[in-house]
Amino acid sequence: MILGKIVGTVVATRKDEKLVGLRFHLVQNLGLDGALKPGFVVAADSVGAGVGEVVLYASGSSARQTVQTDNRPVDATIMAIVDTLEVGGEICYRKDA
Amino acid sequence: MILGKIVGTVVATRKDEKLVGLRFHLVQNLGLDGALKPGFVVAADSVGAGVGEVVLYASGSSARQTVQTDNRPVDATIMAIVDTLEVGGEICYRKDA
Amino acid sequence: MILGKIVGTVVATRKDEKLVGLRFHLVQNLGLDGALKPGFVVAADSVGAGVGEVVLYASGSSARQTVQTDNRPVDATIMAIVDTLEVGGEICYRKDA
Amino acid sequence: MILGKIVGTVVATRKDEKLVGLRFHLVQNLGLDGALKPGFVVAADSVGAGVGEVVLYASGSSARQTVQTDNRPVDATIMAIVDTLEVGGEICYRKDA
Amino acid sequence: MILGKIVGTVVATRKDEKLVGLRFHLVQNLGLDGALKPGFVVAADSVGAGVGEVVLYASGSSARQTVQTDNRPVDATIMAIVDTLEVGGEICYRKDA
């Protein structure tokens, strides 16, 4: 999975019929230090995450292994909201810290 | 999914028999600021998008999860036309704006 | 799909038994301007393409969705020979031009 | 598979229901010389690896081919702990060396 | 498929049970000129290749389409040993040359 931060939202009314009901977030990649890095994806959401949250997203066919995304043309899905990130024995990110 | 803009079209009469009837667009990647970035793909289309439109495309096996692309040798499919893109609380792209 | 040009051929007599009968081409990536770019793959061929031709290839599981490559350990397959490439309203490549 | 070193851990209590029970490690890529390289993933674990260990992880649908990750929205799984790495006839990494 | 050269070996006794019996090679990428390039993977082997050989490997789900790797958590498999590489009408690599 890739570590990212939700930085925005995409609205699309004209879309494949299998996408109806899904929300799409703009997720920018994060480094191990918790800082934003270049690179982003548009991801569906299986956990009700919101703008500003640090999340994990799965890509490829794995992005379709949730109840919300099964058999849909979706190649990136947010499947966890990060509470803490520990690197080298130190907490480098904590939600609501 | 990846955010892109349709910048052109590919015509190919000699192709795998499973591709007959599909249209192929040249889709260049876009940044979070809505500007063109290096990098492009050739994508099939499940939504009737046209040149100049900002779209989302799915890659890999997810590109085959539409009625139009099921079981076809296609690894990128446009599955949504973007209406608005909101980053950091501001609309940074609006269709027909 | 990725736009590329066939620049060479690979011969391999010792190979997985499921690969017998397939031809392998060296396909170098092309830019939107039709110029060669760094990066290449070795691709199987479902359309009888030859050296010098501009083609589209599909990657990943999509590369196995042709009669020739079904169930084979192949992750890149040429599935179309490009006739024309139109970008920004201008033809930037035409076969046999 | 990709060669990496476990450098940290991710805790996420709010996650897709299919992820319950899995542990997530931060795995940074390693070069052939055994040194850390830029780039990392968050990987599930099928072998009980811990922080500081050199591991192999599989990506994409292959990451779901273990008993622990079957049918789960996971796109990277640690599936081996490296004992030795031999390059050019020399051991360049040995566990517990 | 990607063109590479086997430059080393990985030994791992603690691994997912489905990996027992597979050998893992370090495969470094090669350019069209036959020279080593940055970038490498750890690949399983379906053809009995050895250190120093120039090979093709398949990635992703295609890496599991061999008898040796079926249903295993393997995302890169060597499936051919290259005899010759011809680019621009010239042989740029020949095995045992």
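Labels A, B, C, D and E are assigned to the chains in the order they are written; within every chain, residues are numbered from 1.
Basically, a residue touches a chain if its C-beta (ideal position, glycine included) is under 8 Å from a C-beta of that chain, and two chains touch if they have at least 3 such contacts.
Predicted model, so just to flag it, every value in this text is computed and none were measured.
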| item | value |
| --- | --- |
| Between subunit A and subunit B, centroid-to-centroid distance (C-alpha), Å | 20 |
| Intercentroid distance (Cα basis), subunit D paired with subunit C, Å | 33 |
| Overlap residues in subunit C, where contacts from two or more other chains coincide | 60-61, 63-64 |
| Topology of the chain contact graph, where touching chains are joined (line, ring, star, complete, other) | ring |
| Cyclic chain order when read starting with subunit A and heading to subunit D | A, D, E, C, B |
| Contact footprint of subunit D on subunit E as seen in their complex | 7-19, 24, 26, 28, 40-43, 51, 60-61, 63-64, 71-76 |
| Touching residues on subunit E, where the partner in the complex is subunit C | 1-3, 32, 46-48, 56, 58-67, 69, 77, 79-89, 92 |
